[in-house]
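What follows is a set of structures to go through.
Look for subunit A in each of the two complexes below; its partner is subunit B in the first and subunit C in the second.
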Partner chain A sequence: MKTARKKRKFEWGYLLLLPGLGYILFFLAGATGMMIAQSFGLFNYTAESRFSLEYWKGILNETFVDDLLYSLKIAVCASLLCICIAYPLALIIKKLPGERTILSLVKIPMFIPALVASLLILNIIDYHGILNIILVRLQIIEEPLRLRNDSWGVAALLIQAWKNIPFMLIIMYSAVEAVRRDVIDAARNLGAGRLAVFTQIIVPLTLPSALVSVILVFIRVFNDYVISKTAGPLYPNTISNLMHVTAYLYNDWPSAACIGCLMVITAVSFVSVYNYLSKKLLQNL
Partner chain B sequence: MAKEFSAQLTRKLLRYLVPFAIIVILVAWIGVPMAYCFLWSAVDPDYPWSYPDPLPQKLSLFHWRYILENTNILGAVGSSFFIAGCTTILSFLLALPTSYALGRRQLKGTGFFKTLMLLPLVLPGMAMAIFLGRMLMKMGLSGTYTGVILAHTLMGVPYMMRILVVSFESVPQDLVDAASNLGARAFTRFVEVYFPMVLPGLVAGSIFTFINSMEEFNLTFIIGLPTVKTIPTVLFSYLGESFARTRASVVSLILLIPNLTLLLITERFIKTEYMGAALGKM
Partner chain C sequence: MAEGLSLKNITKRFGNFTALNNVSFDIKPGEFVTLLGPSGCGKTTLLRIIAGFLEPDEGEVWFGDQKMNDVPPHKRNTAMCFQSYALFPHKTVYENIRFGLRMRKVPASQHRALVEEAMAMVNLTGLEDRKPYELSGGQQQRVALARSVVVRPNILLFDEPLSNLDAKLREKVRVEIRDLQRKLGITAIYVTHDQSEALAISDTIISMNQGAIIQKSDPRTIYDRPVSKFIADFIGTANLVPCTVTRQQGSLFQVQSPYGMLLAEDKDFPHDSGEYYLCIRPEDVRPVLDGEPAGEDNILEGVVKNSIYMGNTLDLFARVQTEPLRASVWKDYHIEEGTRIRFAVPRSKIRILEG
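== the complex of A and B ==
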């Protein structure tokens, strides 16, 4: 009797998973299936639908490689820049009075959409933005800088940093806050100095969060479409942009599907390698 | 003695000056771009603002009036709110049972399911939007409110679930046991014990989902256009396709005002733990 009831309860628990997870899996499987099928020439809207490998053969051209490298470059630079600023800042903020005010302010950029963030920062760094006017008045530069749509992508990087530093700061702050006071007190009792507490307790306990936040920002930036579209360079633009242009401007849906597949594969393999490396790093600590 | 005193004074000063400096930098970090956006939205078209003027020569509400009178921005605001509201309710209904199961019942593979539910947030937004759009087109939902709401819900459910799972996990088992001991059945336990305890998480999750839907661009852009227009897609038409800074500033402010008001009202509900839970610790 008892085992029977237990068994029924067990199955009921799995049924509860259906609404949330079932919904996600249904649409993700549909979208991914559509992407894979289209990359092989099925469900084609603009030409005859038949299975073929020709779209995959023509995909690795110069534009694709340039765009992929650009996406990776901005993503790596932005995530490193963000962690270099956010990690120390989180450690400093924890030690200070007024942390509540600081945190309330930090939350604001997180609720500003990427498009608006792009416009806000473009207003600042444009040819006649306040940044250029200040720099010229201080005679640091003679001519205003042309940062918008520059060939390297400085403007896109700055906007990503503006948007993602607060995001990372929140994650890092909750990690620093989660370090329990008694652990630190115990270490101090056993004679550890400030430096030892920092290097042997705080850093090892917050490093996992730092590693996770780096990869989260990496993915956000790698998947970005609007920021680089509005502020980034004109030629090597993001891989998302290439996919959108291929699909909607050239009407070449199968190739766009190939690009989508490769984008997912790149992101997933990057994350897996990163996870593997960070696990190794944490084990050796 | 005097030296010690001055050292102490320096430390005290530092203790208050550094946070003060950080707050000033943060206010500038957010306030200066906002102020510039306001200025740009109010530039008079007869007196253009160009290099090297640090401030515009004359302010007027010309562009505000233009946007309000000549574009259907109010319709876009309305549909943004409608879509965000429906998305929040639908996400809540879908996420509640699943988060309860993941947070309270020790099912096999809970860790795996928790990773699985984050997939929509990790996969490339543009790729998902384009091919989800194709899928919805096959279902005849392209360009309809239903299609856009379904797509937004796909992004809303993970946020809601992540926060709700954390809230369900943090309900102490003693409370639940005490309620069952006193004879509470499953339904009563849920309403009297779980619900009040997860309410803050629910509010935080709803705010996240709502704001996330308000600012979702890729999905609306691909699935909703040309019939369903929300504020971000209108903004993109002034920012990405052609660059009209003044009009883009007006629309940005129209988009920011509801978001930031909502944030100000509900700030105390969004604890840092929830933010951390929703964003980090995958």
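== the complex of A and C ==
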């Protein structure tokens, strides 16, 4: 018998990947490497560059932990709020006449920059905003409510929802639409009523998309800078804000790099655990 | 329990389009009935009305002695095999088949035995844990079949179930469907546009066109004695030419046609004379070699334009007078293109049809 050992020839064709892959590798690996190096005191723009572990030692302070927890809290809340609205909405829109028109109207927030969206909504919920004026005039409340920069982050949460629901809706709508009509008919034909069709067919078939859209929105909100800056609490705020302040206000680039590293690590581990759990969930469906 | 089915004056419109126009028929318990017709003839609409997915605008649907118009699909004891199979993509083969049992509240202790029995019936044993996408088209079709029969429906519905399979497999599975239906004694309604499938599988063929029933009869009758030009043309192939008919005596007619003056024996034709169509099946045309006696048969003289060897037959495309004539003859004839030849057609094989 001939041995299957073959001389592996270098495939020159792989070089065609260079423009795309090279670009990604250079900027992703380069930037990540730079960030890691800076967190150890190298490439320091604002002080002498030398290797040091002191930045890492000093980073896990109270502010950082508060900000991390706030970022996680707002990201989890926003993604859950979004899915709670977007999922039923996708199902309802599918049933409505003129679904295309409704869908294109609902997409509008996606084309409005986060900063503009943030300021627009602040106009409504501000201390002298439309909402407060109406509530006071109607004598429902005596004093205007403080809704922006509140300590819990309600305003930030609202704006995140406004901005991210359309994004989620597009994913969920195509998931709902992808459930084939004849599969639903088959279920009805075999004895499934409305509720059973929903729980046995529609939910299991759209759940993978729901899980993915939740994690996408989670990452978007977790990494948010603008919305929290304008509408979020003064303290704590998102990690992105902490990183920005550390780098530009305190001129402490190595510490900012540490924060950046931890941010990436948190996001990646969160996504990994989430993916693992959702895989388990889908398997047991 | 098999159940009979009656449709009474079913009419269904989609906007201005009348999909079904006053359709009525009865099906006996345990009968295998095919709805046959070209696409857009209303056969699938009719099937969906029987399953309850569509409501008729007028008319009544009866299963046995129960009126079903207001019964939703999930409460009708029918089971449908879809053209696309419509398997649940997220469930295993086992769970797909079990679904109907769960929905119909069959006690869980019986599920395994029933599913395994259904899987054995369609030769799927061993594939329980596969997902639909891991199966071939033929296997998916079998899962769909098992999923339908496991719930012991009163009526089995088939919506072109074999049209996505290749020709060989199609012939195999249709025999299996037929056997299974006979064994279980379930009434079956089968929609297809494939006439050979309809002939092979049915007790009764209901031929439809433009939302109406044209003919309802057993396969042999519908093929040998079609009632209209449409059916003769749609089911099998036919030489159809206009003709002028005069009754000679009894069931014997004199037919003046582009093929010449012919004699036809047609017991079913009700009129005495007039302008109609004559129909000759290609396989009823036989070449008469020199010196061979033709007896009482009609003789048509023509020139072979194309001679096509099909393996099981030899197909001849001839020209008789000015009219094309198609003949499907014994495969061992050697008849060259351009040959002048005489064809014999028995009187009883010429059928006179209304347009």
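Keep in mind that, in the parts below, the second predicted complex is superposed on the first by the 267 of 285 C-alpha atoms of A that agree within 3 Å, B and C clash if a C-alpha of one lies under 4 Å from a C-alpha of the other, contacts with A are read in each partner's own complex, and residues count from 1 in each chain.
Methods note: a residue touches a chain if its C-beta (ideal position, glycine included) is under 8 Å from a C-beta of that chain, and two chains touch if they have at least 3 such contacts.
It should be emphasised that the depicted structure is a prediction, and the values quoted were computed from it without experimental measurement.
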Side-by-side fit of subunit B and subunit C on subunit A, or clash:
fit
Touching partner for A:173 - first (subunit B), second (subunit C), both, neither:
first
What is the contact status of A:201 with respect to subunit B (first) and subunit C (second): first, second, both, or neither?
second
Would you sort A:209 into first (subunit B), second (subunit C), both or neither based on which partner it touches?
first
Quick one: classify A:112 as touching subunit B (first), subunit C (second), both or neither.
first
Have a look at where A:151 lands relative to subunit B and subunit C in the superposition and call it first, second, both or neither.
neither
Which chain, subunit B or subunit C, ends up touching more residues of subunit A in the combined arrangement?
B
Which partner does A:190 reach: the first (subunit B), the second (subunit C), both, or neither?
second
Apex subunit A angle, CA centroids, subunit B to subunit C, rounded to a multiple of 10 degrees, is 80
Going by the contact rule set out at the top, does A:267 touch subunit B (first), subunit C (second), both, or neither?
first
Once both complexes sit on top of each other, what is the least C-alpha distance from subunit B to subunit C, rounded to whole angstrom?
12
Common ground on subunit A, meaning residues reached by subunit C in one complex and by subunit B in the other
none
Parts of subunit A lying in touch with subunit B, wherever the complex brings them together:
13-14, 16-21, 23-25, 27-28, 30-32, 34-35, 38, 43, 89, 92-93, 96-99, 101-116, 118-124, 127-130, 132-133, 136, 144, 162, 167, 170-171, 173-175, 177, 209, 212-213, 216, 219, 222-223, 225-226, 229-230, 240-241, 243-244, 247, 256-257, 259-260, 263-264, 267, 271
Flag every residue of subunit B that touches subunit A in the complex, lowest number first.
15-16, 18-20, 22-23, 26-27, 29-30, 32-34, 36-37, 40, 49-54, 93-102, 105, 107, 113, 116-117, 119-120, 122-128, 130-132, 134-135, 138, 150-151, 153-154, 157-158, 161, 211, 214-215, 217-218, 232, 235-236, 239-240, 243, 245, 248-249, 252, 255-256, 259-260, 263, 267, 270, 272-273, 275-276, 279-282
Give the list of subunit A residues in touch with subunit C in this complex.
180, 182-183, 185-193, 196, 200-201, 204-205, 285
Which residues of subunit C touch subunit A in the complex?
51-53, 72-75, 78-80, 82-84, 86-90, 99-100, 103-104, 147, 151, 157
